[in-house]
Amino acid sequence: MFVQKDRKLGVADGKRQYDLPLNRDEGSGFLILLIALMTFLAVLALSASFVLRTMGDRWSSGLENKLTIEVPAESANETHDGIVISNENVKSLTQEIAEKIRHHPAVKSADILSDSEIQDLISPWLGEDVSLIDVPMPGLISVQLQVTTPETLHALEKAARDISPTARLDTHETWLNDLLRFTGAMQFAALIITLIIGATTFTAVAGAIRSRMAVHKDEVELLHLMGAKDDYITSQFQRHALTLTLQGCVVGVLGAGIVMVLIGLISGDTGGALIPDFRLGIVHMIALFLLPVAACGISALTARHTVLRVLAGMP
Amino acid sequence: MIKFENVGLRYGIGPEVLSDISFALEPGSFHFLTGPSGAGKTSLMNLIYLGRRPTRGLVTMFGQSINDLDRRKLTPIRQRIGVVFQDFRLMNHLSTFDNVALPLRILGRPETEIQNNVNELLEWVGLGGKTNVLPPTMSGGEQQRIAIARAVIARPRLLLADEPTGNLDDDIGFRLMNLFDQLNRMGTTIVIATHNQAVIDKLGHPRMVLEGGRLNIESTAQKNWIQKKIQGVF
Amino acid sequence: MFVQKDRKLGVADGKRQYDLPLNRDEGSGFLILLIALMTFLAVLALSASFVLRTMGDRWSSGLENKLTIEVPAESANETHDGIVISNENVKSLTQEIAEKIRHHPAVKSADILSDSEIQDLISPWLGEDVSLIDVPMPGLISVQLQVTTPETLHALEKAARDISPTARLDTHETWLNDLLRFTGAMQFAALIITLIIGATTFTAVAGAIRSRMAVHKDEVELLHLMGAKDDYITSQFQRHALTLTLQGCVVGVLGAGIVMVLIGLISGDTGGALIPDFRLGIVHMIALFLLPVAACGISALTARHTVLRVLAGMP
Amino acid sequence: MIKFENVGLRYGIGPEVLSDISFALEPGSFHFLTGPSGAGKTSLMNLIYLGRRPTRGLVTMFGQSINDLDRRKLTPIRQRIGVVFQDFRLMNHLSTFDNVALPLRILGRPETEIQNNVNELLEWVGLGGKTNVLPPTMSGGEQQRIAIARAVIARPRLLLADEPTGNLDDDIGFRLMNLFDQLNRMGTTIVIATHNQAVIDKLGHPRMVLEGGRLNIESTAQKNWIQKKIQGVF
């Protein structure tokens, strides 16, 4: 898979790398492949998680910060069927809620809809010809917010309910909540997958080093018996693990980059505000680049630790 | 130089393979170690080259008691010992040259010195034309000679050889015994485990005999009578 | 990781399994882990791809098949600024389009909106007080379709443009197109990932068997020289590969199942029609269960093939 | 039974290790194969037990010319040959018992027969108490005895032994030579490569001498004179 450098000893050029045939082990290419795949998936999963978060943020904030408070013409207070409240009563309750809400810091404006406006809204359901005076009319307040946050929504709902217990908030966007929930679940899954991948890579490297230690136990023991210092042996394994991980990471990151560009090409020209491009912020970029660096560091340390522990067991 | 006092060794929960071994090797001495197959010769060598710690007893090497010595302190002691293993233990992926050069590299010697010394020694043991060959493609006797060359290349102060001529014909066998003798004259302490009666008789050094886990040292005088008798024959 | 059965020979009970120490190789647990992870990811990716397809289908078909055709009051034909067309002209063009469209097989109904209906729609932008006669009014046709397909939309658009070149289709659902595009990209990514995973597993098993062959080359050669038939040797490797893969697959599928249930719990109670549950059809279930079966079959065959090829190289 | 005609062998692009080897082994014959280290003894054995195909020349085994025989047809021939390898080639993960039982298992013999035969033979070579021990924890001589037991357990029609007593003391060495002699009397053809002059002299079978890639067969008569002289000494 990779060009194997000639590590043959006996050439007096000081380039001696290994006394142990680590780089000739059959499993090396395989481990590189595994690390590449893990890095590939981790980068994709992490990116997906970032993109999902950005998407969720934009969806919940970027859409028009509008909502409607409805004060129904029925009060559910006393009986099951509810008591019809007089139109005047509804109007005064509505007025009261609007007054109260206007002072909330997140509220830009809160306008009570006039009867004709309400009729416009209702006519599709009731028909043009029904006279407004004949039916119990709900009160409607059109609210414009600075930003939509769950806290604001809760505060507004509570304020409205304090005055009219049957008051309802309508964000026009229940489907958005569904979507946000879905995005959240996906984000969670992506993070879990990243973690699992990280743990697996760690285990894989530790396992590979341990297995190489086992395969070359006789040779390591021989070096030890000849008076080689622990460092002399450890550094060979360490360098080996580092090389493998580095190769794997480079391949993995490159692969992930290509796939991300591909996905970007396929979905990128949507142009809509709803789906953000697969463009990541600088912070995310740094996080993604720290991934391989961390992987290399961890695997070098893992190798060192594993080998030292085996050496400590030798007399 | 090396002193064993009441040393015992058992593997795991098995019986004691070696019991109450006591002896002292003077600097510059030369001993043969004999005994029937399975008597514990390799095990005793293992204790001497610090491949194992004894189950009991005191071991003193180069004036240091190794019983409660720190792991790291053993490294310089090991660097002063050369070993020819019964099963050679060559590095199969390294060339003849690199196998023999290994002890020098561990000591951090300069590459030019390594180059000269190794090539000279390989020539001497009859492997001059095989410096770049890998051990698995060599004959049993050739591998044994690499093992011997590796053990002596760094001029160890103590040389242990376990059945070093088992795969060699008598000619090259005696030649290598002469190498050991030469090293011995330059001050190296030597212990050779062997079944080869011809070699023991010819060189006539004192024998350490292992039998039933116990060690007896037979003086040279004892052997001289037999040796003379044999030499008289030819 | 797994209880290792005692394969010790020399017990005359006919349970002899291996002459080669395959099951004691350090790499086994590691390979099982890898296969488990691969299966885990493959099942998840495949499920995700199924769910995304279902979601996309439901989104594009399940929403109300409504659209509006707008005949603007300006014609962009002659000059850059456009010429204002008289209201009467607009009305006749609109009438013409509606007539033509009604005969399209996918169209259920096509109603021209009355002036007052248009005023209801426009009033939020222009204000209640503006008299309709003062402004140029666009013509609007409300169309109800049987099903919304891209072909139908194109056909309708073409029909409208033939009559009034500036006519515009408004599906109310441009964001949905964005979403569908996004889902398509995700689905593509999921399939690519599944394929990559499959290829990796295959490579991994082949690599592992080859590496075991290399590690045990001397032993295999010894058996061969003693007169063991090729089958005697091959079957040991084959059984070994099968066992490993089976263990890995079971762990992977179980893991994936747990994660899917978890995701279901987190996102499942959305109840909305927009996001379908993570429930899969029977066909998908079968596809998912064929995955491990295929994996086992492939790895047994891979092992057999690999070993036979090495054996054929022996004299 | 075995016939080599102008057989040559080279490894890779190296020089010919064996050239123009021609000989025939009669059924029930017993030969020693000698020659200096690196002469090609192991290589010649390799050709006989079909571990390698010769580079040139004709090889006939058990009446079949193997030069253009199909791979699969070699299997039954191999099953009739027992080999003691110079480096033992034991299965390190199998117990002494299982190592020795391996040839019988490959032949598909019933487990009760295996049980009896193996235990009896292990008793005979002095490993009765070590049936469940793994080879790496045994002494060099013990391993060599396992290798010998494995080679003879299936009563092969041809037995090849490469330096089978290199790690054994004379007592057990002669005991095993007697085992070979016994097998030979029961009809097994035997070729033993060895450097051990004492063994060759004592048994007095004809010698095949390899030197410079060529093979010479010395008759028994030639050796008898020397043998008598030595026996007269003691």
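Per-chain residue numbering starts at 1, and chain names A, B, C and D are given in the order in which the chains are listed.
Keep in mind that, in the parts below, contacts are C-beta pairs under 8 Å (C-beta built on N, C-alpha and C of every residue); 3 or more make two chains touch, one makes a residue touch a chain.
These numbers were taken from a predicted model, which means no experiment stands behind them.
**Q** Quick one: point me to the chain whose Cα centre is farthest from that of subunit A.
**A** If we average the C-alpha coordinates per chain, D ends up farthest from subunit A.
**Q** Calculate how many whole Å lie between the centre of subunit A and the centre of subunit D, each centre taken as the average of the chain's C-alpha atoms.
**A** About 69 Å, centre to centre.
**Q** With centres defined as the mean C-alpha position, give me the subunit A-subunit B separation in Å.
**A** Whole-Å distance between the two chain centres: 65.
**Q** Nearest whole angstrom, what separates the Cα centre of subunit A from the Cα centre of subunit C?
**A** Averaging C-alpha atoms per chain gives centres 20 Å apart.
**Q** Send over the residues of subunit B in touch with two or more other chains.
**A** Nothing qualifies.
**Q** Among all residues of subunit C, which ones touch two or more of the remaining chains?
**A** Within subunit C, no residue contacts more than one other chain.
**Q** Once you've mapped the touching chain pairs, tell me: line, ring, star, complete or other?
**A** ring
**Q** Who touches whom among the chains?
**A** The set of touching chain pairs is A-B, A-C, B-D, C-D.
**Q** How about subunit B: which of its residues touch subunit A in the complex?
**A** Touching subunit A: residues 49-53, 71-72, 74-81, 83, 89, 91-95, 97-98, 101-103, 105-107, 111-112, 114-115, 131-132 of subunit B.
**Q** Could you please specify the touching residues of subunit B with respect to subunit D in the complex?
**A** Interface residues on the subunit B side: 11, 34-38, 41-42, 86-87, 137-142, 145, 162-163, 166-173, 195, 197-198, 233.
**Q** Within their complex, state which residues of subunit C touch subunit D.
**A** 8-10, 12, 14, 16, 19, 21, 24, 218-219, 222-230, 232, 312, 315
**Q** Across the complex, what residues on subunit A touch subunit C?
**A** 25-27, 29-30, 33-34, 37, 40-41, 44, 116-117, 120, 123, 128, 174-175, 177-179, 181-182, 184-185, 188-189, 192-193, 196-197, 200, 203-204, 207-208, 210-211, 214-215, 259, 263, 266-267, 270-272, 274-275
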